[in-house]
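Note that the chains are named A, B and C in the order they appear, and that numbering of residues resets to 1 at the start of each chain.
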Amino acid sequence: MSERRDPIAPAGGDVANAPVLEVRNLGVTYGSGSDAVVAIRELSFSIAPGEFVCIVGPSGCGKTTLLKSIAGLLRPTRGDAYVAGKRVDGPPKDLALVFQEYTRSLLPWLTVGDNVTFPLAARKVPKSEQLARRKAALAQVGLPGFDDKYPWQLSGGMQQRVAIARALAYEPAVLLMDEPFASLDAQSRADLEDLVLKVQRDTGLTVVFVTHDIDESVYEADRVIVLTQRPTAIRQILAVDLPKPRDQITTKALPEFVRLRTEVLKLIKNEPTVD
Amino acid sequence: MGADVPVHGSAQVAQKPLPSGVAPRSKAGLTWWQRVGEPALVVLCVIGAWELLTRTGVLPAKDLPPATVIGAAFIGDIQQSRVWEALGATLTSWAVGLAGSILVGIPAGLLLGSSQLAYRLFQPSLEFVRTIPSIAALPLLILLLGTRGYQLAAAMTFLGAVWPIMIQTMYGVRDVDPTTMDAGRAYGLGPFQLFIRIVLPSAFPYIATGLRLGAVVGLLLSVAASLIAGGTGIGFLIVNASFSGVPELVYARIVLTGIVGLGVTLTLVAIESRLLFWHASRRRTVT
Amino acid sequence: MNKLWLALMKGRAFALGVAFALLAAFPNSDANADDHVVFGTVPIAGTAAAWVGNEAGYFKEAGIELEIADAVQFANIVADVMAGTYQFGTVSVGTAAQAIIEGLPIKIVANTYHSAGEQKLMVLSNGPIKTIADLKGKHIGLGGLNNNFQAGIISQMKEAGVDPSTVTFTLISPPDLPASLRNGVVDAAQVNEPGIVGAGTDFTPVIAEPFKPFGERPCNNYVIVRADWAEQNPEIVKRFLTAYNKGAELAASDKEAVIRAVMSFSEIPKETLEKMTMPGFGSDLRQDSFQATIQGMYDLGFLKRLVTVEEAFWSP
């Protein structure tokens, strides 16, 4: 059924619902001449406000390159990304990023509270508002009152919650997550998957979630974008119409879940030659 | 929940070696006796052996006075203002030279670390220059600055301290985690904000190590300047005791200098571990 | 410390050469603190005259505020005088001549001290060396090389029939010379006061008057100024000399005053000072001994050329 939908258009396809994130003909080539490596051949997709989109692909397929291009950390060789209608040329204001390596994206010399607010302080957001947003964000991720701890005093899962709180306090239009739970243990991972789903439902935030875990992508997403091997292109975009709220046990037991995960797996495994 | 924290700690160490010379992991777990008592016992044994060997004539007591004689000279000497004035002069020169090397070394190190071009152009020369003993500059500095006043010892301190500070700062800046920088950039920090909020604090453990190394080398050179060239510092008082043929006083003043140096080192280490409580090498508690 | 000292001594000729070039490039003129005068010296008894004069109030009488600065080596004093950080400094006769030959514009203005038995070449009392002739093939430790002390003892060895080329001379920091003799590092050593008193009966002089070839009690050390500074400030130089020479005369006649002075700048215990042979003091420039010393050093190749009295001594 997903095949019948226009793969580029966001879910719903409502014209009034202008995409909050759009990627047009984006390509990235590293190096030049005979040493050139085409990391991303060409990608186009768009994401509507409030959507939860997972991007999966075989390892080494340039997921992070794509994400960096969207986040304005890397200038694509061809094409463009648009966030909230503005062409990405440097890190967009309406976008927050959560990294896989929480130990490296959090600043160890700052308390949890200051880690959450430092992007706001750099933006000169009034102190009282910083505090209010920080309080709300830490509560949302289940770490109320952890303000004065240091990240390294917390477990990995809790550190990643801090990173998510930082992103939430930033109040972005789009939350980009780069394999955010890949280095967590299974239990923390499941907890955080549910946390992100809940936060997304509560806030209506648009989430773009890069992962190499197929179950995770199907469990979290409204749509799954499956990428090909390098040079990367879109293999297929699948709509996930699993009921919400989702649950680690019941959702994953649904025949539709199993069907979708099998399909994604097949798409990734049986890599046909790109035409 | 603490189970995965050691993993993260070791992972970070593996990816990112500690700045050279960073003090080893906190000594928590050692008792007071192990930390202070046992090393003190070693010192006492050495003093005892010294006393025995000189008293029994195995070592020539005329040139190497017994420990108790040195101790008596030490007690007598520290009751006189001249050693304190000389120590004050040495430490003043040291402080001036160190301040100068901080003012020059840190900005230069930041520049060299931030600019790929500057790093490529200057790094080999810097690594070469740092291996030249600063003491080699003394004859030239004597000609330029004379031996009177604080300038010579301050200049020697500067020469000794500026390289470790500059080079550590440079490596500190270069070693800022790219993911941390990306996080800052992604959250819209501009170059200045990135520098203040990420680069400087990230490089700080390196800078602190450079400062500690520089401070100690600088103190040695500040003493050496007056030892070789004269002037008002403690080094001159050591030479003066030597000229006066009073070896116990020579050793007493060397011991005093050593104690001051130890004090400086311990003070800096204490300040450093207070400021760097967050660094992977010093974290004490994990919940 | 010894190694550093040796390294510095080796660098001396080079350093002196560089000095003039540098000073020509960076003329230094912080010298004119009216009547505040810095006198650079080394803390040995031989430099006591300035302290004696200062304690007696002679400099104040002459309208000069004297600051005595401490150096470790006479060679560095030349550098300080050239740099203008000292207006007056004490240097050994050889260093003064060397500096003049290198073209440094320094002038001798006064006598610091002359030798009176405070420096000797000594051997172990119970050792095999009894006479100068026994020095043949031996190892001698000296506080300075290619200087008047070495020139004096080589001259006396030659007289006693010892070929100096059979003797090895080693540079050792002066305070460490007694220890190196006592511990057998050398067979004979230059020992200066207070080392002679300190050694007691352990050592015996083998050459008791090392400077004898240069005349009776020859001048060993002089007070120098920078020529251009002296030319611009002849009045200060004259008043300084009046005070300084009065101090030197007092030092010559009053050993107690010398002992008090030495105690003020040195750590030598009083009982050692009372037993010590003091160097000779006086206002006489002893230019004859200067010439004899220079000749002696030149003859051995220690100096590249002779230095005349006219070029060495200041005349207002």
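The rule is short, and it goes like this: contacts are C-beta pairs under 8 Å (C-beta built on N, C-alpha and C of every residue); 3 or more make two chains touch, one makes a residue touch a chain.
From a predicted model like this one, the values you see are computed outputs, not experimental measurements.
**Student:** Answer with line, ring, star, complete or other to describe the graph linking chains that touch.
**Tutor:** Topology of touching chains reads as a line.
**Student:** Taking each chain's centre as the mean of its Cα atoms, which chain lies farthest from chain B?
**Tutor:** Most distant chain from chain B: A.
**Student:** Find the most central chain, measuring centrality by the gap between its CA centroid and the centroid of all protein CA atoms shown.
**Tutor:** Here the chain at the core of the arrangement is B.
**Student:** Counting only Cα atoms for the centres, state how far chain A is from chain B in Å.
**Tutor:** 47
**Student:** On a C-alpha centroid basis, what's the spacing between chain A and chain C, in Å?
**Tutor:** Taking the mean C-alpha position of each chain, the two centres sit 83 Å apart.
**Student:** Report the inter-chain centroid distance for chain B and chain C in whole angstrom, where each centroid is the mean of the CA atoms.
**Tutor:** 38
**Student:** Of all residues in chain A, which touch chain B in the complex?
**Tutor:** Going through chain A, the ones touching chain B are 68, 71-73, 91, 93, 95-97, 99, 101, 103-109, 118-119, 122-123, 149-150, 152-159, 166, 170, 184-185.
**Student:** Taking the touch rule as given, give the residues of chain C at its contact with chain B in the complex, in rising order.
**Tutor:** Touching chain B: residues 1, 4-5, 8, 11-12, 14-15, 18-19, 22-23, 26, 38, 40, 42-44, 69-73, 76, 79-80, 82-86, 173-176, 178-179, 182-183, 194-195, 197-198, 265-269, 272 of chain C.
**Student:** Flag every residue of chain B that touches chain C in the complex, lowest number first.
**Tutor:** It is residues 60, 62-63, 135, 138-140, 142-149, 224, 227-232, 236, 239-246, 249 of chain B that touch chain C.
**Student:** Report the residues of chain B in contact with chain A in the complex, numbered from low to high.
**Tutor:** 1-5, 7-9, 11-12, 177, 179-180, 182-183, 185-190, 193, 197-198, 201, 204, 278-280, 283, 285-287
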